[in-house]
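One chain, chain A, links the two complexes that follow: it is found with chain B in the first and with chain C in the second.
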Partner chain A sequence: MLVNRKLILAHFWFAFAVFGLALCLGAWQMFVRSPLYTWISNPEWYYRSLTAHGTVMGYVFPTLVAMGFGYAITESALQQRLVGVRWAWAGFWLIVIGAIMAMVPVALGRASVLYTFYPPLIGSPFYYIGVVLVVVGSWIWVALMSVNLRVWRRAHPGEPVPLAMFANVAGSYLWAWTAVGAALELLLQIIPVALGLKTTIDAGLARVFFSWTLHAIVYFWLIPSYIAYYVIVPRAIGGRLYSDTMARLAFILFLVVAMPIGIHHTFADPEVGAGFKFIHSAFTALVAVPTLLTVFTICASVEIAARLRGGRGALGWIRALPWQNPIMLAVAFSFVMLGFGGAGGLINMSYQLDTTIHNTQWITGHFHLIFGGAIVIMYFAIAYDLWPHLTGRALPNLALVRTQLWLWFIGMIVTTFPWHWVGILGMPRRMAYYDYSNPAIAPEALSVSLSAVGALILLASGLLFLFILIRSHAQGATEAGAYRFSMPVHPVRSVPLALNSFAIWVALMIGLTVTNYGYPILTLATRHDTSVPAVYVGAH
Partner chain B sequence: MSTRELFTFRNSYFSVAVGLAAGLFVLTAVAGFVVLPRLQPELKYADLWDAFCSAAGLPRRSVSSGEIPKSAHRSSEAVLTSMTLAHPSQESIGRGATLAQRCAICHGPTGISRADSPNLAGQYAAVIYKELLDFRSGARTNAVMSPFAANLSDREITDVAAYYSYLPRLPAFHPVEQHPKPRVVIYGAPMRGIAPCGSCHGSLDNKTGSPWLEGQSEAYLKAQLQAFASGQRTNDISQQMRNVARGLTPQEIDEAAAYYASQPPEIIKATD
Partner chain C sequence: MTVQDDSHAAAVAERTEKRWATISVIVIVALVLLATFAGLHQATMPQGRVETIDPTRLHLAGEFVESNLGTATEPDGSVTVRAIGQQYSFTPACILVPAQTPIMLRATSADVIHGILIQGTNVNTMLVPGYVSEQFMRFEKTGEHLMPCQEFCSFGHEGMWGKVKVIDKAEFAARAKNGGRLSCVGE
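So, the complex of A and B:
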């Protein structure tokens, strides 16, 4: 039962609109720093665009998708009207205002600091305050998810929380806690300097705070996609979910181990001790566990669907899958990209192997493959799956939808594989300009050009996605029926209390944050000799 | 359901989860703080505690040399922010005008030099302030400038800086025809880690403490780049200019100096 469709549509539409704009910027960046173009002669324009692209794609777009999907799950999985609709709208408008407030100074060139902030670079305070508003808006959503679950529990004492809602609330708690790192960095360190109250900043401490957010935020982006794997894919292809318990375990593991691992982003930083880097490296290896659990469970669920459709043999069942179904196509593409991206991630998390690719184009290639590829293609799938229920109109043309997904998959592979490759060759990242006539970098020219072609394919696919969604609003009205989620093979009658609640897992998440982050943060915060003068960007 | 039921070691989920998390933390901590440092003899830890502190990230004194080696030269002690001397008073500018009489013989009566010294008219106050401080402290030395700066008080330095920054920017004494922008000014040399000149010295962006260079003497600019490259001049904070200059080819030095010397100062971005 989807009652507040306007609210959900507003979240999705604002998310996809800003996604479309940021995608254009991304493609432009790929093009102008490739050998296909002679160079814009002003790095400021490049960094301005890069800041806008990262801020929108990292903070605004996935947060709104998670929120919109979260509201849809609340109403359809719990079978109850959303409690706190006014608050939900307030959260939405905070994000809209925050996004605009952040983007205006970026567009004016007053905040070209990149979305990861990079202190001691300091831009306009409006940029940071805008980002804070986006986070505060999303925290309203976190609170609403918790409140709605509580209301449902009161009406259904002792019953198992539907898997979709359980996962959704796990994701919201993860976000609530992981956003604290960047919030502390912004409120205690960056904003006072941006407002001119201080002129120095402890850049090392700021980077440690940001690493608190930087890795778990990826899992927050990822959770809607994982929810879709578990609760949309088996239903959409006519199968059953292999194991409800395995799914709960996967989300619990994300909640616990996504947090205490962020220092692997600062392997090359001198302000963190090697011992803590090693601990974080080892804990990072653990996040492979929920992903491997998921890959196993979803492959098993998909096999169930294939065998129900008459698939035979050890691998012959793969042919029996409904490949015409966009959701089937999306999950297959997503898994391929997740496989390659995950393998790359194992290199990034290894304290030693990381040294070969740290700060190279490999890293940018990696997170575009994981986030832009594996995760975002499932956002498309979620939108395609939900749209008829939200608009009351069918999608215009499934062949067009399949084309869009194929283009995104091909585009992402063509973009990111050469991107990884030039990273291995040592091409540094975060640079506006590369002189390809220089013998040291000339061998990378072909790969970078290929990447730029991939970016144009992605742009075409992204615009096609928006076109499909817009067109569907003009279709004739149809009754899509109730929005429901996949059923497990064995109906869930009762679930152990530990797997039906969050108290233990939230406590562990916070506890591990304290053990793994407490000492590095405390020592840096209490030292007085670690601040450096701020470097104001675009300050006149 | 109650928290008491959940948070007890009788609850197997709780005991297994806490046990695994704590066990893993202890195991990785022992490996990271004790075992791995011992396996790296080249790191030369005094004892176990020393290795432990290092792994925790506590700064420590190197074992081999107790004393920090004294640098052969003085470093700049100037502290600048983007607000340094941003709004000087009229009195300060007036006092500076009187003091600047003695600078005129080299830097020109209007702040435009005829002697290959820097043009100071309209230069950023923070820049003049920093250079005078450095000449006074000995971080920068020059046979002519050092004696002038030696006896200046803090207030006199501030006043002179305020005065010259107040003067209008005038065309350089020997303007020549326009040169095309050299690559190093606009693009830098990313593969050698060289940022474009313009990213600090105007035309792309201006960073605090960096002078604008348009219309300055070609001979002066070239001499300073060479002095940075050879390590003769050392008052750049964090070796910013030395790192750049060392990586420049002699041809790039020539091109950058000739380019900036030929630019009219009117094109400087209004950054103040």
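So, the complex of A and C:
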């Protein structure tokens, strides 16, 4: 029952449009910093582009996908019209206005501070205020998810919340809380300085605040993809979900443990002591658990589909899978990239190994593989799966869809594997230019060139994705039917209260944040000797 | 999939699932124990305490005045390197150290966030203005390493590369005989 299709389409289209622009910037960056580009380069333009790429890909694109998908889930899983449609449009327009407000100063070169802000570097206040508007717009969505669930509960007392909605609301709560870290940094620290009300800032405290957001934001990006694993994949390939309970447990674990682990981003920092770094390292290990559970449940669900199609043998069933189905292809690619990316993540998580690759190209390779690869390929799958229901028109050509997914997978591997490699060689990140004539850097030239080729493959795939979506609007009308989600093997009749509500888990999330972040933040915030002069960037 | 007894099938499914969950938890616990052991046994832990410093007064007095930057030999034979990062260079730009000697690196930033990474080693630390970073190092072999700034520090970041030169222990001792702070700038 998708009623507010225009709202959902608006979210997806704005998301994919800015994704297309940011993808072009990314490919250009890969090219100009590689040995393939031999003309004079201007680092100033590179950092404008890098700031825009990060801001769009980190804050705007995934947020809009999560929101659009969230509205689609609300209407189709709860079988009720979205409550608060006007608010939803208000949230959408706040994001549009915020994104434009942030991008104008970036394009003018007045906010080249990267999406991670890096105070004491300070750019135009419009950049930060734009980002805040984006976050505020998304918080409206969080509130709406909660309100819609409440409305449904009142009409269905005691019934299990449909898994898709349960996971969706968990993701929205995670986002609401994890965005608070960056919001505090922006509102209390950066914006007063950017507006000229203050001239000094505690850079260490800012880094701790940002780490609060920086890790769990990745799980916010990831949750739509995980929802797709659980509620789209088994249905799309003709199988059943192996376990509804385990799925709920996985999302609850994400909600609780994705948050209090962000200090692992400051392993190499002087403003946090060793004790809290160790605690966060151990908690980071925990967050691998829901992913391991997911891998099991989804593989088992896929096996069910294969066996229903006549697959036999310990591994022979893999051949019986519907490989022509784009969703099957997407989930397989996603899992391969998640496997490599996750293994890399375990390396980053342990302090001893992290020192070798901290802030090298390894890290860039790592999060592009996880986010750009494993997560974004599922965004494509979500769009392909939903599109006929939103437009009332079929996708133009499945072979084209498969080609697009193959190109994205190949492109991501070709881009990120050499990236990891040069990281191990010690190549630092965020550099506009490398002197490949230096004998110590020359061996990295081939790898960087390969990465640039991978980026061009990704660009081709991304443009093909947009082409397919645009073309589908011109297809003949089709009746896509109701938008459904996968059914578990064993029907869910009742669910324990703990797996059907959020109060206790949200309390735990906040409690763990207070124990894991309270002391480091308080000690830094109460010191008076740590504020340093702001360094303004760009033409003023 | 012929399921005669649904409740039996559900029990089997649950048992398999539990087994997998147990294995997952064991793997994660083992990894944490491994990291803890390596941290304690090989003393590869992050710097223990937080130390602050006023970046606007680095050049006026204290540990990081210009004349004190570089490599110093301590009375107990150990070696301390003091360095600062600023947009867009390190001081000293070339750090001279002896091989096979425990060395303490103490560094900070004079303006924005920078980072020190010594290629071919696992020496890697952030420089955050207002705070002092400390890291132990030991170089087994003589030779040269590039030392790029590993954190975005504005438009000149890509040009911020320093160097570390590791020389023979005896040669270093000879050069350090007259005291003072050593570096390989201009060599």
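As a convention for this text, the second predicted complex is superposed on the first by the 537 of 540 C-alpha atoms of A that agree within 3 Å, B and C clash if a C-alpha of one lies under 4 Å from a C-alpha of the other, contacts with A are read in each partner's own complex, and residues count from 1 in each chain.
In this text, contacts are C-beta pairs under 8 Å (C-beta built on N, C-alpha and C of every residue); 3 or more make two chains touch, one makes a residue touch a chain.
On a predicted model such as this, the values are computed, not experimentally measured, just so you know.
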Chain C versus chain B on the shared chain A, clash or fit after superposition: clash
Partner chain(s) touched by A:Trp39 [first = chain B, second = chain C, both, neither]: first
Touching partner for A:Thr515 - first (chain B), second (chain C), both, neither: first
Chain B versus chain C as contact partner of A:Ala282, first or second or both or neither: both
Partner chain(s) touched by A:Ala498 [first = chain B, second = chain C, both, neither]: first
Of chain C and chain B, partner touching more chain A residues: C
First (chain B), second (chain C), both or neither touched by A:Gly196: first
First (chain B), second (chain C), both or neither touched by A:Ile8: neither
Touched partner set for A:Val218, first chain B, second chain C, both or neither: neither
Chain B versus chain C as contact partner of A:Leu149, first or second or both or neither: neither
Chain B versus chain C as contact partner of A:Gly158, first or second or both or neither: first
Single chain B stretch clashing with chain C - from 117-125, 189-197 or 261-269: 189-197
Chain B/chain C common contact set on chain A: 43-44, 271-274, 277-278, 282, 286, 428, 431, 433-434, 438, 440-441, 523, 533, 535, 537
Residues of chain C that touch chain A when the two form their complex: 1, 6, 9-10, 13-14, 16-17, 20-21, 24-25, 27-29, 31-32, 34-36, 38-39, 42, 44-52, 54-56, 87, 108, 111-113, 115, 117-120, 122-134, 144, 146, 148-159
Sites on chain B touched by chain A in the complex: 1, 3, 5-7, 11, 13-14, 17-18, 21, 24-25, 28-29, 31-33, 36-37, 52, 54-58, 79-83, 183, 186-191, 196, 199, 204-205, 207-208, 270-272
Of chain A, residues touching chain C in the complex: 43-44, 46-47, 112, 114, 118, 120-121, 202-204, 207, 242-243, 246, 266-274, 277-278, 281-282, 285-286, 288-289, 292-293, 296-297, 300, 304, 307-308, 346, 350-352, 355-356, 358-360, 425-426, 428-434, 438, 440-441, 489-490, 523, 527, 529-533, 535, 537
Residues of chain A that touch chain B when the two form their complex: 39, 41-44, 158, 196, 199, 256, 271-279, 282-283, 286, 428, 431, 433-435, 438, 440-441, 496-499, 501, 503-505, 507-508, 511-512, 515-516, 519-520, 523, 533-540
